[in-house]
Amino acid sequence: MQPDQNPELLRIENLHAWYGESHILHGLNLTLREGEVITLLGRNGSGRTTTLKAILGLVSKRTGSIKIHGTEIINMPTHRIAHVGKLGYCPEERGIFASLNVDENLELPPVVAKGGLSVDEIYSMFPNLKERRKSQGSKLSGGEQQMLAIARILRTGATLLLLDEITEGLAPVILKSLGNVIRKLRERGFTIILVEQNFRFAAPLADRHYVIEHGQVVEQIDAADLEAKKEQLNRHLSV
Amino acid sequence: DLSDDKVKIGVLSDMSGVYKSLEGPGAVIAAKMAIEDFGGSVMGKPIEVISADHQNKPDIGASTAREWIDAKEVDMITALDNSSVALSVQGLAKDKKIITMNTGAGSTALTEEQCSPYGIHYVYDTHALPVGTATAMVKNGGKKWFFITADYAFGHSLRDNTGAVVESMGGEVVGNVNAPLSTNDFSSYLLQAQSSGADVIGLANAGQDTVNAIKQANQFRIVQSGQKLAGMLVFLTDVHSMGLDIAQGLQFTTAFVWNQNDETKAWSNRFNERHGAMPTMVQAGVYSAVTNYLNAVKETGTDDTDTVRAKLGEMTLNDMFVKGGKIAPNGSMLHDMYLVEVKKPSESKGEWDLLNVISKIPADQAYISMADTKCSLVN
Amino acid sequence: MTNRILFILMLIAGLTAPFFAYPVFVMDLLCFALFACAFNLLLGYAGLLSFGHAAFFGGAAYITGYVTKEWGFSPLLGILAGTGFTMVLGSIFGFLAIRRQGIYFAMVTLALAQIIYFLALQMPFTGGENGLQGIPRGELFGFIDLNNSLAMYYFVFAIFLIGFGIIYRTIYSPFGVVLEAIRENESRALSLGYDVDHFKLLAFIISATIAGLAGATKAIVFQFAALTNAHWQTSGEVILMTLVGGLGTVFGPVVGAITVGALSHELSAFGSWVQVILGTIFVVCVMVFRRGIVGEIQRLTTRKQD
Amino acid sequence: MTDHAREPAAILKTHGLTKDFKGFTAIKDINLSVQTGSIHALIGPNGAGKTTFFNLLTKFLTPTSGKIIYDGRDITHAKPAGIAQHGLVRSFQISAVFPHLTSRENVRIALQRKLHVSYHFWRPLQILDQLNEKAQATLEQVGLGKFGDVKAVELPYGQKRALEIATTIALEPKLMLLDEPTQGMSAEDVSTVTDLIKRVVEGRTIVMVEHNLNVVSTLADQITVLNRGEILAEGNYDEVSKNPEVMEAYMGTTDAA
Amino acid sequence: MSMQVILAQALLGLNVGVFYAMLSLGLAVIFGLLNIINFAHGAMYMLGAFIALIGYSFLEQWFGVSVQIGFWASLILVPLLVGLLGVLIERLLLRRLYNLDHIYGLLLTFGITLILQGLFSNYFNVSGTPYPGQPESLSGVVDLGFMYFPTYRLFAIVFSLVVCFATWFFIEHTKLGSRLRAGVENPDLTQAFGLNVPLMITLTFAFGAGLAGLAGVLAAPIYSVSPLMGADLIIVVFAVVVIGGMGSIMGAILSGLALGLIEGLTKVFYPPAASTVIFFLMVLVLLFRPAGLFGKEK
């Protein structure tokens, strides 16, 4: 596949976002084609999570333009965005519903498009979860919660996935299989935005990396140029 | 001479609860009518009325009365249609030396154990009520009684006095259940009464409580199953709100029947115009009490409590409400009572034509005699 | 600093009040103010919403009334007896309720208070619906006649100051600091080795005791102990007072009690409209003035300083 | 097993510790001993039971069976507040500070306990001022010397973490239990915290749960690998990381890392 | 005491119990799903009864329209109207309190209760006004052998039971329940998944309020309609919900029924304790099963 020929899926222009009084994103620009996998890199607090939340309308105020498949969503209420953008979101800190059991968590997000994975397929992908189907969300181990958080958006048929720090708290062995899952999704034509702290995990998966600092994209590096720009990247990511 | 250059009368009544329709705002109207009929002033000084809601709570009643006396120059307090409230206000007024002319409360404790030199009990008491009603019912074969009692001073007093009458006539009290004031579902109590095998279910309560109990007894077909209901304290407004279908045949004791003679009719019609309902005995009683209080002030030329109270004790009360009434040393206003029966719907000639007078109960039978009283002021 | 100024203002207002207003009414306000302060200690500083504080307020009134009327205790001794009783009662309630969190805590306190209400209604010595009437005011120290309304007033004001002082001290004490920490992050306080339940229990007992002190005093002032004081609506009223004045502020409950008390008194001629107005104030406070009167003033003044 | 040989130096030991959750055994018969003065790391795949084990040690859960011996006493049935008073203190996965208190006040809360005035509701606040000096020293130890008057909420993430550690060491714990102390931190914060732990460990023992192998390898003297509620391997980093079972169950490879 | 008496009293207890059940159900739905303690629930119940009363007796007198809304029409209309008020309260007020402590919701609804109670107390006697609109078809009595039981009360029992169990089924056996719980726990995320959480919450609140209104209409012909009818009930209903286990739908229904029965029997054996027995039970339950009889431990 040649993602760079594919039609444009997401275009963000001059995005500003606020939490209450505090202005977090300062004119962020970003475009994404169907089938691409990109990462958002940056230090703690640089605004990566906020970018995802702003796409979903989960900030108190946002301005600028966000188009998915050409539809402007900047003024759309949150609950419609997932349907319009065929979008699935895996939040930072997992967002497992403590009062629901594993099955209920899995079946909670409504289907937004055809072609999602079936529950059985999902359980075969994450066998640990299958064992704990009737456990309450709050009783899962950290890693189990993380897996469930990813699993549940695969059911909805979303083709644009926003994944925030999905590797956090996972053992290396799970990281590996998670890497494989992402690779498979990519082959199936999913479009993915990864927010990652764990660059070693993300680097081999992505087509392009965006470096965010103070709510703006300060660097954009294609996978191919990664070696060449390693220096630059390190400068941005550590002091 | 008058303290503060005016006479101020306080009407402390239940303005929002179970007893609202039997005294409440109507009592204020009656007091105002009394003042108007008196001429609006006494010895050239204005007469004022002040009123408040005691919410059937003795503490609220007492603290309102306290403020009236301490800070608002009230000279006499009337209405007090709840025995707990009346007892607390009368107790306070005794300390503060203020006359209370209670028209609404029934407990005999007001003139017996807790009698006060300044407390006058004006319209009826729980001794007078059963004398007529219970006597008549026991005579007609209602030997075994079961009481449903309002759980406070008045209910207890009414139950005890009625029980004593029943037993003195050879009857028997087979059971009792106390229901909180302002109960809206009497069904459980009624069924208990039903299963007790009593001939008569005595309702030692008043106002809305009585109405609810009688209506629900009707729903559960209690009377049809052979038991009789005895409303120990029933007011005109209660009969009116139950309707004759349900209430017909009910016998009870009252101090006043509005359409008894031309004088009562004339006054009652005037009252009805202003209030929208015919007067109950206690509303008529407020009119009479205020009138006679003002008479006493006028005749003695002062509002000094002891003087006025002494004068009231000497007077013979005669007005549209009472004929030949006397205020005894224990505070009890001795006057005749009437045993009445609710008309059949076919007999009634109008919205308020509800009662037939069966017999008169002379004052000396109705009220505790000064020989028997436990009031410390007398013996 | 601001506290000191407010305290002096309160002192002046309290000392002169009986010359401007009906003393019994001011005494009533003082009793409620103290009650609200006690409640505020629990909710505002320990984060515990008790929906059963009327049990202490009302319970103390009955005990005080009984011992002064029937056993001839002096008013001071009577108040001490009532207060001591609520200290015990508070320990029992606290012991039962403290292990529950949040809304469960509110419910347990409410249930326990309903039981006290039931006892107040049924026990022979309380007089049931009639209430315990004719409590003597008696003489303070054997020679000051409390039937004199000024003497009574200053006695009540002194009690108020003592109760207020205890609460003030508690808030600004090493104990108060730990309470604050518990409210901020309970499990962390636990892991630092603080036995959280014990702290909450102590706060509860102090609060209950002072609430009892207020109720006991009220019984002497009005010479009456009644069911109203033990009814759950009184528990609701004290929440309203605290909220209106400012939850978690030292002087808020005092201001709140005075505001609410004065309003209900002034508006009592309007019958049930009082309830409507109080309800509206409640709603407005919750919606827009969550800090209450004192809280809002504090915010404005600190803002100016910034 | 050499457990018995090491016994005298062990500050914490568990005997046959087991935890069932309604039919699911999260911790099975664990015998662990932690040497005084060491940093002991607990690693293992997700769901292995690390957090559960940790919660058992800190009394947030009660064991189904087995015993926990700390500093020579049986604490199996002790209460959370009780063990803290004996020097066993945990820190939390999510940062645990008192957000609306200043850094100094946060530390003072911990120091205050030793004064034994915490129930004294009749004493003025000023008696706590004697702790200020010590609080300042503790703050400086973790690099927060300048932030004494800053409210905890206003501190950036890494400093919150540092404050939490400061509060913990203010208790002068003998044994500290840290649950994923570097989770969710960027590289720079990770190294700050690692340094901090190294600095404060002197004279204490630390047990930590950690996924970041870099951290584990730099800090841990001793590692226990849990898998499905059981101990899979124990030893220092080199021993453990070469253990084929560990490699398979945890690293997910069969080749050496 | 004969078996018949006990049976009769038990039936009356059940009669009270269905009202407890219906009210605590509404409360449990609102609490369990939205985490709000709706103190105004009693006021909604009172409001339901009053709307039915006004619709039947006062439209002409007050508004000059000569229509009379009968009982059956009220049974449908009133829950809708009360539900609508629920919508307004939720949209305009409660919505702004979700991210605050629970107690603010409790306090707000407490205030609303005072307002509603006060308003009606101005126009109606606090001790009650009878509702005359009981349908003719239900006005007789049924001879149960051991007693005569008013047909209407029997109808109220059956009708309420049907409503309760239907609600339970709807919430527990459709996806709705889990979505609502999720929406309350983390509204942002639930919306991000594409669920219209604000609408769900509003409707749930309205539904709970509507249930209370419905109970009010059902109660009107039995009890007299009074501004305070909800005030004392609500405290008992709180206790029922707590005993049943906060948030447990089935718990609310079953403990409502059971407590009605217990209260009914207490009225026979020790009447003074009838109004308090529930609180004793509540203390006991909380001591031994803190999460309530049917609640799940958190």
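A few remarks follow.
Here the chain labels run A, B, C, D and E in written order, and each chain numbers its own residues starting at 1.
The rule is short, and it goes like this: a contact is a pair of C-beta atoms (placed from the backbone, for glycine too) under 8 Å apart; a residue touches a chain by one contact, two chains touch by 3 or more.
Please read these numbers as outputs of a predicted model, since none were measured by experiment.
Chains making contact with chain A as well as with chain D: none in this assembly.
Shared contacts of chain C and chain D, meaning chains that touch the two of them, come down to nothing at all.
Among the other chains, A has the CA centre that is most remote from the centre of chain C.
When you average the Cα atoms of each chain and compare centres, the chain farthest from chain D turns out to be B.
A straight line joining the Cα centres of chain A and chain C is 53 Å long. Between chain A and chain B, the centres computed from C-alpha atoms are 80 Å apart.
Chain E has its Cα centroid 44 Å from the Cα centroid of chain A. A straight line joining the Cα centres of chain C and chain E is 32 Å long.
Counting partners per residue, chain C has 271-272 as the residues that reach two or more other chains.
Counting partner chains per residue, chain A shows two or more touched chains at no residue at all.
Looking at which chains touch one another, you get A-D, A-E, B-C, B-E, C-D, C-E. Residues 56, 58, 77-83, 88-89, 91, 95, 97-100, 104, 107-110, 112, 153, 156 of chain A touch chain E in their complex.
Contacts from chain C toward chain E in the complex involve residues 43, 49, 96, 99-100, 102-104, 106-108, 110-112, 114-115, 117-118, 121-122, 232, 236, 239-240, 243, 271-283, 285-287, 290. Touching chain D in their complex are the following residues of chain A: 43-45, 128, 139-144, 146-147, 165, 168-177, 197, 237-239.
Residues of chain B touching chain C in their complex: 15-16, 52-53, 57-60, 62-63, 66-67, 70-71, 83-84, 87-88, 91-92, 151-153, 181. Contact residues on chain E toward chain C in their complex (touch as defined above): 37, 93, 96-97, 100, 102-104, 106-108, 110-119, 121-122, 227, 235, 238-239, 242, 246, 272-273, 275-276, 279-280, 282-283, 286-287, 290.
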